[in-house]
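Across the two complexes that follow, chain A remains constant while its partner is chain B and subsequently chain C.
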Partner chain A sequence: MTPAVSADGVSKDYGDTVALSDVSISVSSGEIFVLVGPNGAGKTTLVRALTGTIEPDEGLVSVLETPVNDTDPSRIGLLPQSFAPHDRLTASELLEYYAGLYDQSLAVSKVLSDVGLTAASETRYVNLSGGQKRRVCVGSALINDPEVLFLDEPTTGIDPVGRRSVWSLLDALSDNGATIVLTTHDMAEAATLGDRVALLDDGELVESGSPGSLIDQYGGDSVLRIETEETLSEAQIGQFEGDVEQSPSGLQIRNVQPDTIGQFVTQLNELEVRYGSITWTEPSLEDAYLQLTGNDSLGSATGYRKSSAYSDP
Partner chain B sequence: MNRLSRIWAETKASWHSFLRQRTAIFFTFGFPLLLVGIFGVIVQTDPTGAGLFARPVGYYVPGYLAVIVLFTPLSRIGSTVARYRDRRQFEKLATTPLSGAEWLGAHTIVNTGIILLASGLVLAVLMALTDAQITLSLFLVPFIVAGVVVFVGLGAILGRIADSRDGVIAASNSVALPLVFLSDTFVAPDQLPAWGSLLIELSPLTYFARGVRQVTYQQAPATSELLVLVGFAILFFVLGAVAVPQPD
Partner chain C sequence: MRADRTLRIAIWETTTSLGNLDRRTGIAILVVLVLLGALGPALLVSSPAPGADLYRVGVSESSSYHVVVLSEPELQAIDPASASLNDGLDIVIAGPNVVAKDTKKSKAAAGVFREAVVSYNTYLMAQERDRTAAFPVTVTVSYVQQSALQIEDPTEGTETNADSPNGSAGGSGIASTSTIAESTGAPDRTPLDETPDSGGDDGGQSGTDEPDSPAQTTVVSDAAPNEDNGPGEPVEDERVEDDVISSSPLDGFLGTEQAGTPTSISPPFPLESLLLAFVFLLPFNFVIQAYGSSVIAERINRRGEPLLVSPATRGDIVVGKALPYFLGSLSITAIIAALLGGGIRSVVAIAPLAALFIAATFLAGLLSRSFKELTFATVTISVVLTGYAFLPAVFAEVHPIAAISPLTIVVNELQGTPVAWQTFFFATIPATFSAAVLFMLGTGMYREEDLFTQRPLPQKALDALAAPLHSLWRVGLWTGLFIPFVLVAELLAVATLYLLPVALSIPLLLGVIAIIEEVAKSIHVFAGFERGRFDPGLRSAVSIGAISGLGFFLAEKLLAITQLVGLPNLDLGQAAFAPELVGLTPALLLFAPLVLHTVTAVISALGARRSRRWYLLGLLVASGIHLAYNVVVVSSLG
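== the complex of A and B ==
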């Protein structure tokens, strides 16, 4: 299958700074491809290379089977990072403006509705909230009904409800065959939207794959933490199945499935061990990200993982 | 037709943006009026024939118009280019069918409209408040349009070269102020040293000032001045269009 977007050995330097180093990606038609990585990893530079707004020092980029600079611009849509259109035009006027740049476009009212801005359509951009502004910007990328959509941090500054509506919109576009390349710092967004996620670090493509495969491979184990009020004996610990460790705050058991948590609770009660709370955490894309970027110790130290907590009744 | 609709979309957006900036409107039209107020009404022509304003007021009318045609598009386009770049609008536009020439064409239209209005205002004030003896002619319009095109193009080049809005303002002032004095506007060539006379011949504003003077004051044909000015306009428009938009 011919990819909708491909980059082959793309490199770009800015003076002594290596922004991209031999990056190759291939995005299939209808796929949502998410680029993640630390600040300065090269995500925006890659988006710029993919949209032809910068010339790579080396490598080839093609979009819709043609070199990017020859691609019909009406077939692609771009939301640049930190993009801000005319302050004093209303949301509706801004979308009319961008619609006017194309031979064919979607109805402005439809796009306003899609991005949830019908009620604010006559509000000037400068007077919109941060999230509304970003949604106007997303709308400007959608107005020409593009086949390939490049979105550089599309949901930055948008509240959770608005973010989810943008996710639904992007999902629907993808279901209708649009190819979407987006960057984000939000791992939940990457995991929810991405068919595939690629991690860039220091200008290099570190890893890519489906969110599930990245979590399986790099996310680590699920962990059940039981906060006990007493130190257990070796004999008591031996009663539990699995990889059990005792720490000053209690027990830590790896690779526990949620449906077996009840068994541990039963065993604690049978052993008459008093406990405070029981917390189960599953590995997330964020854990995989931290592992891949060499910052996994941060995640462990803060315990910042997706978790479910149980308390002693 | 599609090209025209793209230019129209950019023109409309830019025009509406301008109309909604009260301070921009005030100073765009206030600046030339201030100029006329200071030099045309307060200072006036020296009746002894000495000093800067040694000739009748009508002689300096091209100077007032030249200042508007020079300063307004130069600073407006320069700062517009810087603003579009800072707000990543060029990056967005680079992925649309709008070309650099179309973008510059749209902004030329907007600036031409603004400067025609400002020029009309200045002429009306001059005629109302001074004893300027001038002839109004439709031949003024192509001079103003060509002059605007020249300095829109130059503004785009300055906007490209300067890396910030502050830089654009500084660059515009550095270019515009010498041009005012080296373009046969308020300072006659015989008041300058020899090298100044040479520079005068190289300045596009010279052909604007001389042509407008011939039309409004000397009632002489100004076709050759207009042709030279149009030549400059084509050159600067092409260079300006190449200069923008450049997101990298």
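== the complex of A and C ==
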């Protein structure tokens, strides 16, 4: 199957800074492909190379089976990362303008409805909330009903409810056959939305694959963390089953299944060890990323991440 | 490019620009525009005539000269019974005699009075139905020594010369030519009769001396000056003229026909031209602020990025965004022109200037990293382009240097002065080409990497210069495209330096021109090497330098348009442009400039391939050689 979007050996330097180094990806039609990485990883540069707004120093980029510079622009949609439209115009006026750039476009009212802004259609951009503003911007990228949609951090600044509505929208677009390439440094978003995820670090593609496969392969074991008020002796530690380590704040036990957590609690009580909290963490995309990159640049300074800790950095 | 998309972007730009104005700012701008619109006509209608009521003339109401004095704004009629020469009067009309004191002002007053008499007589004669009777042709042969043939006429085709004692007092305008045929002069006409008229509609007629007119007997006087001139005691007019002429600092440019009054000594203060130029130029400074803000806001807020992936081309975007400001400028110009009585020619003449303002601002908006930098850039643009357009236009009708400004066309039209097509093209072509090249450079930079990256302004300028250099031949092409800037810069240098003494200005100008041309031949070459566009090898540098020199040599022939208005005939004009247009000898007519430009461009390129410091050194050496060449050529031309 011919990929809808492909990059082959793309490199881009800005002076001494290597923004992209020999990056190759392939995105199938109808797929949601997520580029993940911290700030400066090269996500935005790759999106710009994929949309043809920058020229790679090396490598080839194709979109919809043609070199990107020859691709019909009306088949592509782009939401830039830092995009601030004129703030004295209303949401509908802004979308009407972008619609006017295309020979064929969706009805403004439909796009406003899709991004959940029908009620705010006549509100000036300046008076919209942060999440509403971002949704207007997403709407501007959708106005030409693109076959391939590039979204650079589409949910940044959007509240959880708004974010989930954008996710639903993107899912629906994908279900209708649109190919979506989006960037995020929100691992939860990547894991939730992405059919496949590419992990970027320092301009290099570290790994790509489905979120599940990446976690299975690189996420490591589940971890039970017990915050104790005292340091346990070697003898006490030896009474626990499994791979147990003493950490500065307590115990860290790997590869624990949820149904066995009660046994550890019983043992703690029997040993009369006072503890503060018990946290069980299953492996995540973030763990896989950290494992692959060997750094902690995504913000897990404590070394402890809760199971729901796919937090925004 | 597609017109509908361009128009769509233009409408959008207009909408957003207006939408971004709050009510107070909008009202303030409207008030300024209304005031500006009202200012022009008001200034013209109530324009304070320089020197109005400047001279107090003692003349009784019963005198036939009383009406003459009233007709001349510079003269104020005072009853001689209430004042005397020692009591504030500048001259006294006593019967047919003019009585003046031995002061410059008094003598100037006498000159103005005499001109007023001539004008008044002409006016009266013009009322006659029998034109032949009113303006009889009288030929008077007067033999003079050859040494007296000193009077030159700066206007081609004018018959005024010392052989014609009647002369033409028609000023410097072409209109005087036709009048001369009708003009008749009295045999006893004095040299003062050859005074250029101080301008105005009677310019070509003021030389007419009607034998029966009262002026005939009034003006002519041979008596020696006397500090204690009393009523009836005449003034020696010829001596007045000598004093006045010797005081003119611009005789070399204006000819030696200067005489008479403060307003006709040296250039009369061109208040009307100044006001007109000001009124037309001022709105551009507001327009470019709005446009520059729009360009940089587009970049800072990354509004342009979605456009770059839309079907709109870079041309659509650039033209669409500039169009409202360009049309706005033209609309304001058209309104002002209409209010002042101007026509389409004024608007067409001003269009390249408006485009140049906008193009320069476009580039400044692309290069600036912040609004602060943009402010600095737009102020620079305002000062430079205002200087280029405004200062020469002030001297419309006074000096050929005025022809370099499109505003001169406007001022001339509004003042009813004919404008030759050569003058029109000369005034508008450099600005047109410069604007086009600036837009081309800017459009080349209208890419994500240049729009949204924040690099120091000089670095981005080098990016812009290096961007189009995809091949060796493009180096020569872009060198050629810089010629309009070379022309504008050299004209600006001429206009700036022409007030200095020739002994100082010509060497200075030769140096400035050498630097301007060497920079034009090498700056993009340096940018190309800096950005890795060229192989920094020796052979490559020589090839690139040679191509650049050849491009300059071929394109500089555009400088020949300076001949359209006779600019090279001026001392400074010759220094500035003659070395580009002629060789040392006929044999070298073609090859000397070619060799010069090639050699100096190669020298700069050899420096540019190594480093910035070496480039500057190479540029210095190249400029030195160029200067030496210019000195030799100008010296050989005498």
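Criterion: the second predicted complex is superposed on the first by the 249 of 313 C-alpha atoms of A that agree within 3 Å, B and C clash if a C-alpha of one lies under 4 Å from a C-alpha of the other, contacts with A are read in each partner's own complex, and residues count from 1 in each chain.
Basically, a contact is a pair of C-beta atoms (placed from the backbone, for glycine too) under 8 Å apart; a residue touches a chain by one contact, two chains touch by 3 or more.
Keep in mind it's a predicted model, so treat the numbers as computed, not measured.
A.B. asks: On chain A, do chain B and chain C fit together or clash when superposed?
C.D. replies: Superposition result for chain B and chain C: clash.
A.B. asks: Is A:Asn269 touching the first partner chain B, the second partner chain C, both, or neither of them?
C.D. replies: So A:Asn269 meets neither chain B nor chain C here.
A.B. asks: Which of the two partners, first being chain B and second being chain C, lies in contact with A:Thr51: first, second, both, or neither?
C.D. replies: Both partners, chain B and chain C.
A.B. asks: Contact-wise, after the overlay, does A:Pro85 reach chain B, chain C, both or neither (first, second, both, neither)?
C.D. replies: both
A.B. asks: Does the superposition put A:Ser249 against chain B (first), chain C (second), both, or neither?
C.D. replies: Touch status of A:Ser249: no partner.
A.B. asks: Using the touch definition from the top, say if A:Ser24 reaches chain B (first), chain C (second), both or neither.
C.D. replies: neither
A.B. asks: Name the contact category of A:Tyr98: first (chain B only), second (chain C only), both, or neither.
C.D. replies: Both chain B and chain C are touched by A:Tyr98.
A.B. asks: Is A:Ser140 touching anything from chain B or chain C once the two structures are fitted on A? First, second, both or neither.
C.D. replies: both
A.B. asks: After superposing the two complexes, find the one stretch in chain C that runs into chain B, choosing from 55-63, 199-207 or 487-495.
C.D. replies: It is 487-495.
A.B. asks: Do chain B and chain C land on any of the same chain A residues, and which?
C.D. replies: The overlap between the chain B and chain C interfaces on chain A comprises residues 48, 51-55, 73-74, 76-86, 88-89, 93, 97-98, 100-103, 140, 144.
A.B. asks: Contact residues on chain B for chain A in the complex?
C.D. replies: Listed in rising order, the residues of chain B that touch chain A are 2, 5-6, 8-10, 12-14, 16-17, 20-21, 87-89, 91-98, 247-248.
A.B. asks: Which residues of chain C touch chain A once you look at their complex with the stated criterion?
C.D. replies: 5, 8-9, 12, 15-16, 19-20, 301-303, 305-312, 447-449, 453
A.B. asks: Of all residues in chain A, which touch chain C in the complex?
C.D. replies: Its residues touching chain C are 14, 48, 51-55, 72-74, 76-86, 88-89, 93, 97-98, 100-103, 140-141, 144.
A.B. asks: Taking the complex as given, what residues does chain A use to touch chain B?
C.D. replies: Going through chain A, the ones touching chain B are 48, 51-55, 73-74, 76-89, 93-94, 96-103, 124, 140, 144, 150.
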